[in-house]
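Encoded as structure tokens, here's the structure I'll be asking about.
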Amino acid sequence: MSFNTFGHLFRVTTFGESHGVAIGCVVDGCPPQIPLVADDIQRDLDRRRPGQSRFTTQRQEPDQVKILSGVMEHPDTGVQVTTGTPIGLLIENADQRSKDYSDIKDKFRPGHADYTYDAKYGLRDYRGGGRSSARETAMRVAAGAIARKIVAGVTVRGALVQVGPHAIDRDRWDWSEVGNNPFFCPDKTTAEFWEGYLDGVRKSGSSIGAVIEIVAEGVPAGLGAPIYGKLDADLASALMSINAVKGVEIGAGFAAAEKSGEENADEMRMGNQGPAFLSNNAGGILGGISTGQPVVARFAVKPTSSILTPRKTIDRKGADTEIMTKGRHDPCVGIRAVPVGEAMVACVLADHFLRHRGQVG
Amino acid sequence: MSFNTFGHLFRVTTFGESHGVAIGCVVDGCPPQIPLVADDIQRDLDRRRPGQSRFTTQRQEPDQVKILSGVMEHPDTGVQVTTGTPIGLLIENADQRSKDYSDIKDKFRPGHADYTYDAKYGLRDYRGGGRSSARETAMRVAAGAIARKIVAGVTVRGALVQVGPHAIDRDRWDWSEVGNNPFFCPDKTTAEFWEGYLDGVRKSGSSIGAVIEIVAEGVPAGLGAPIYGKLDADLASALMSINAVKGVEIGAGFAAAEKSGEENADEMRMGNQGPAFLSNNAGGILGGISTGQPVVARFAVKPTSSILTPRKTIDRKGADTEIMTKGRHDPCVGIRAVPVGEAMVACVLADHFLRHRGQVG
Amino acid sequence: MSFNTFGHLFRVTTFGESHGVAIGCVVDGCPPQIPLVADDIQRDLDRRRPGQSRFTTQRQEPDQVKILSGVMEHPDTGVQVTTGTPIGLLIENADQRSKDYSDIKDKFRPGHADYTYDAKYGLRDYRGGGRSSARETAMRVAAGAIARKIVAGVTVRGALVQVGPHAIDRDRWDWSEVGNNPFFCPDKTTAEFWEGYLDGVRKSGSSIGAVIEIVAEGVPAGLGAPIYGKLDADLASALMSINAVKGVEIGAGFAAAEKSGEENADEMRMGNQGPAFLSNNAGGILGGISTGQPVVARFAVKPTSSILTPRKTIDRKGADTEIMTKGRHDPCVGIRAVPVGEAMVACVLADHFLRHRGQVG
Amino acid sequence: MSFNTFGHLFRVTTFGESHGVAIGCVVDGCPPQIPLVADDIQRDLDRRRPGQSRFTTQRQEPDQVKILSGVMEHPDTGVQVTTGTPIGLLIENADQRSKDYSDIKDKFRPGHADYTYDAKYGLRDYRGGGRSSARETAMRVAAGAIARKIVAGVTVRGALVQVGPHAIDRDRWDWSEVGNNPFFCPDKTTAEFWEGYLDGVRKSGSSIGAVIEIVAEGVPAGLGAPIYGKLDADLASALMSINAVKGVEIGAGFAAAEKSGEENADEMRMGNQGPAFLSNNAGGILGGISTGQPVVARFAVKPTSSILTPRKTIDRKGADTEIMTKGRHDPCVGIRAVPVGEAMVACVLADHFLRHRGQVG
């Protein structure tokens, strides 16, 4: 990852601000001849789109993606496919609500990037958070939709597994429930509980953190590379780069700190379809290389600091002041982080799939 | 990070296996005219060196580093300084105990990279873990010693804060205690408890996980960059790339998932020395850019799977078997991960310091 | 340079095909607070724009650039400036003449990238050359306009110095003439001669090669870096990456092969404004690092193979056939390569300026 | 290329100075299971080694390479093969003639990197040229020997084709002659002429430039990638990065500037083994992608400025002075550039082979 680009062979570069003309990205390195139309991408974008329930920001963005380059109808089949050249994607910003930014123009919202952008660059785009807005994550989801097509045998799915102190019951995990509630929650009972809980958070003008889990099934053994090309290291930066993320773990994660060697190491037996592991504390990765088991990553999202309670802060001139954020925001930004997390994992896997094929054939 | 190199302007490339002739690294991009002699590096290496207490592997390695290039006596001052060209570092492997590897040559140790290296490359260097050995981390520490000199105003310190289920009492945190016990523990009382606890682990031939915390004080506001150049994203991959690490968090980390917006966002007030924060849940980073507060990162290390208890596994031919590791190993690899974590944080900060200076001046 | 991105700190990623919806680029790493409006870029684009004389392609493209991101009005001054975040640029394709491509759809034009794209990807975008079209160079010019602002004290100018066998007389070199003829020729007399010469080439449906020279004045000593970060190595790849370029040279270039050590090495004397060189065979670069003298690079452009004469070729199915290109093309593509060459040199200098500042301060 | 590393998937990082302890490199990304012993590398190094005739520097360096990592005996075959992990290579400097450097310590040799290193870094390693010495090219040759094994079906050969104004007669080109004279000259008659010519140059304490041609046969069509991943762009930077190189051309090169479209474009016919070209003005590359024809690159090397004639220069304090270089040097550094050029072309091809396999499979 470097600046506004990530990936080594499957490379994604994004640009755009929350309230600018448009956001976009360039997906470089995609293999040729992969069928790709805008709808393939739109499907994933629609899952991330704001304004779909009362638990996410009410900003209305159709997030209609346009493919500007890198595809054409195959001369033989007529099917639109990738050409191997960079795929330019664009989403025009629609609902840039014309509003008065005087409240926040000169004040730093605590917990936001306002102060740090200003400290770094000497100015910041205060309109809707500018570049630091979660709006940028739409392009990650778009790139992820293409990445999924590269690792076609891999299923990357995500779920919200904790909201505030309320975690799901993993024994009730049912992937088919994820689409049945506004939280991407795999546990029906917990989803119902969250509904009431988050209504309370929302009505009080507060916000709450969350934990998301991403599972990639069908990843072949051998993806990743030693030392600074580790699959888990790339997953860690990919997930940590998502807005508001403060922690990332693989497999048993922080719980591994409490385990003994006997408990933690996943024993092996020869199975019908090759080597099989008797557990998956490793989260599908050993020595930075995939084991063939499901790759399991979790990340923690902090609560948005756009809340109704007035908070102490300073302004650009250095004077003490208070701030209260009235805009349209998410009571739990962790919800919409689920498809974003999936996308990042898909992109990392696609990159490592190509890298592995490059080195090992 | 890519393959065996990390960093963008301050770039570290390592090579070498546990039981090969030597391990080494190339540190590229170091500013010129920084005083540097081997002793500056040796000091940090000595903190990581194995065999210093009964709680780390008994392998005896003097780990004597040689500077092969990139330094010379300054023509005016006579002081040995960096020249701006790549610094080649080498440590010859001394105690490659000539042993019989037949036990593990053809078997995959559960929880190790044995199986994944073999799955990826079709073979693996079984001698002492080959490239996947923690021995490689000596070069990280060496590079980190140089990085510290680049960000001379920054103090990077680490501590072991949890061993198995036993965390320190943060109210007793005293940095001056870290050097007084074999665990880099900042809490004297807990260190004494760990001594007995880890003796038990060691004598039973078992192992245990741990959590390490790294704190960088004096980091100016403005290091890091938006989106895929985030300081925390680079810290995440840098720390996750350390052997046995399964989780990384910044500031409040996973605990942020349980917080409300009111609790989590660090309020600001104008202080005598510029903007001041009333708390540091952010761990010194907002929007991927340093705030000027201490940068705080934690990472979880799994227990080594080199234990005396026989474990189920398979061999290279695919037959079920059992394995027991008799070699010299660490009951808690987390201990020696402390200086390694410090080094990785120092390297990331040095890289971002140079990157920031490049873009913003 | 890698794939569709070049630069290390000043990074340009382009996308788009000749006859797609749009072409665009992302300029990443630009320092903040640099005044930038679309007109700054448009000025340079207009110099490259096709259809400005009978000696370039008659395709009519207004090439109107839009800035999609990375700029805003400075909160204090109201002047539109860069924010330090990626600058997205877009040019919609206007004159995608709806034509019948059946002539070339299945045939490989000799001397074009038709065959190689097909060999690599299994298909190619035959519409106007697709990604291999010189249309992509508009984005280089746009990026170059931004680069010029980063190295504000540097003047980067280019000139056509040879068309076919007809070189200019260097004693008549007058930069002020470059804008007075359709060839960017600094020698008025030769420009007049070329006019007749190129009319002949054009009318016969043929084409001819050319040599372009780029001179960057005001480059401070010290830009560039040893071994694989050499300023001239980066100039070489930057210029060689321009469509149709087959050779690049710095300073005396290939003529240096015929020189003796006495003739070639530029002697030095202390001047009023620091070290002065008595000649500039080095082209302003020694050991890959700028000397402070003008940086001088030349590159050779082959004649376009889009000519009216039927040529032997094969088709996609592997059958022998003939082809004749009837489209709108440039009799001498070298002409429009002048602003493109300037842009690439400006981009490389901007990148090295930031890199130098990063490492050395 | 960036700083002291080049390549994207096949990555080479070098370090070391002319008169330091050792020079070395790390070759990262090599596919596993390729047979490799030190002798495979030594063979190529011996071709570059100084002191083999009176036409190259008389410095005596055995240049004995050691493989420090990245290889092991295959557990099944016992053959030493690459493991896929980084290959560390080291050559200890033997003949660092203990000499008095006071002549050049404070003076800048015209035409050398002395002044520019000092201008950039504020100091320079004056001992034998330090990092700017051609000694570094030994590591390129070593890396190239490994690269050749990756593109095993490709033959990369080089020849000296011009010394001063004296070019070979291409009709007499005979590859088998290259090893029969001390110049890597493929034209026996010209080699004999050069012998007398260069004796004159040598005896007069002067030096002379040269042109080298590298031909890679057996390169499959499809290597390289559009726009900034062009094979020829990477060749250009790779060759331009070699010490003393001032120009690079591909195929017809600068001569293409004088050609018409009819003359230049290589016509095609279907041959027995696939598409065949009727000429090779393209030098095996169109649109940055290999055509399947031999890849042909040429580069010009300037004369070394280490000559016996006193030259005007300045010293570190800025005073005018004169300098004469008495050390051991090459009358024609172009000679030893032949194996270096071969190595760079081999490395670029290996990198693009892996990159192509990564993207396209």
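Each chain gets a letter, A, B, C and D, in the order it is written, and its residues are counted from 1.
Just so it is clear, contacts are C-beta pairs under 8 Å (C-beta built on N, C-alpha and C of every residue); 3 or more make two chains touch, one makes a residue touch a chain.
Predicted model, so just to flag it, every value in this text is computed and none were measured.
Counted by C-beta pairs in contact, the busier of B-C and A-C is A-C. Taking the mean Cα position of each chain as its centre, C sits at the greatest distance from chain B.
Note: centroid distance chain A to chain C, computed from Cα atoms, is 38 Å. The distance from the centre of chain A to the centre of chain B, each centre being the mean of the chain's C-alpha atoms, comes to 27 Å.
With each centre defined as the average position of its C-alpha atoms, the distance from chain B to chain C rounds to 45 Å.
Residue positions of chain B touching 2 or more other chains: 3-5, 8, 14, 29, 32, 84-85, 117, 120-121, 131, 226, 360. Across the complex, chain C meets chain D through its residues 1-6, 8, 14, 108-113, 115-117, 119-121, 131-132, 136, 162, 164-165, 201, 206-211, 221-230, 232-241, 246-270, 274-275, 278, 281-283, 285-292, 300-307, 309, 311-314, 318-320, 334, 356, 360. Against chain D, in their complex, chain A makes its touches with residues 8-9, 29-32, 84-85, 226, 354-355, 357-361. Partner chain C is touched in their complex by these residues of chain A: 2-5, 11, 13-17, 20-24, 26, 28-29, 32-33, 66, 68-70, 72, 74-75, 81, 83-88, 90, 105-106, 117, 120-127, 130-131, 316.
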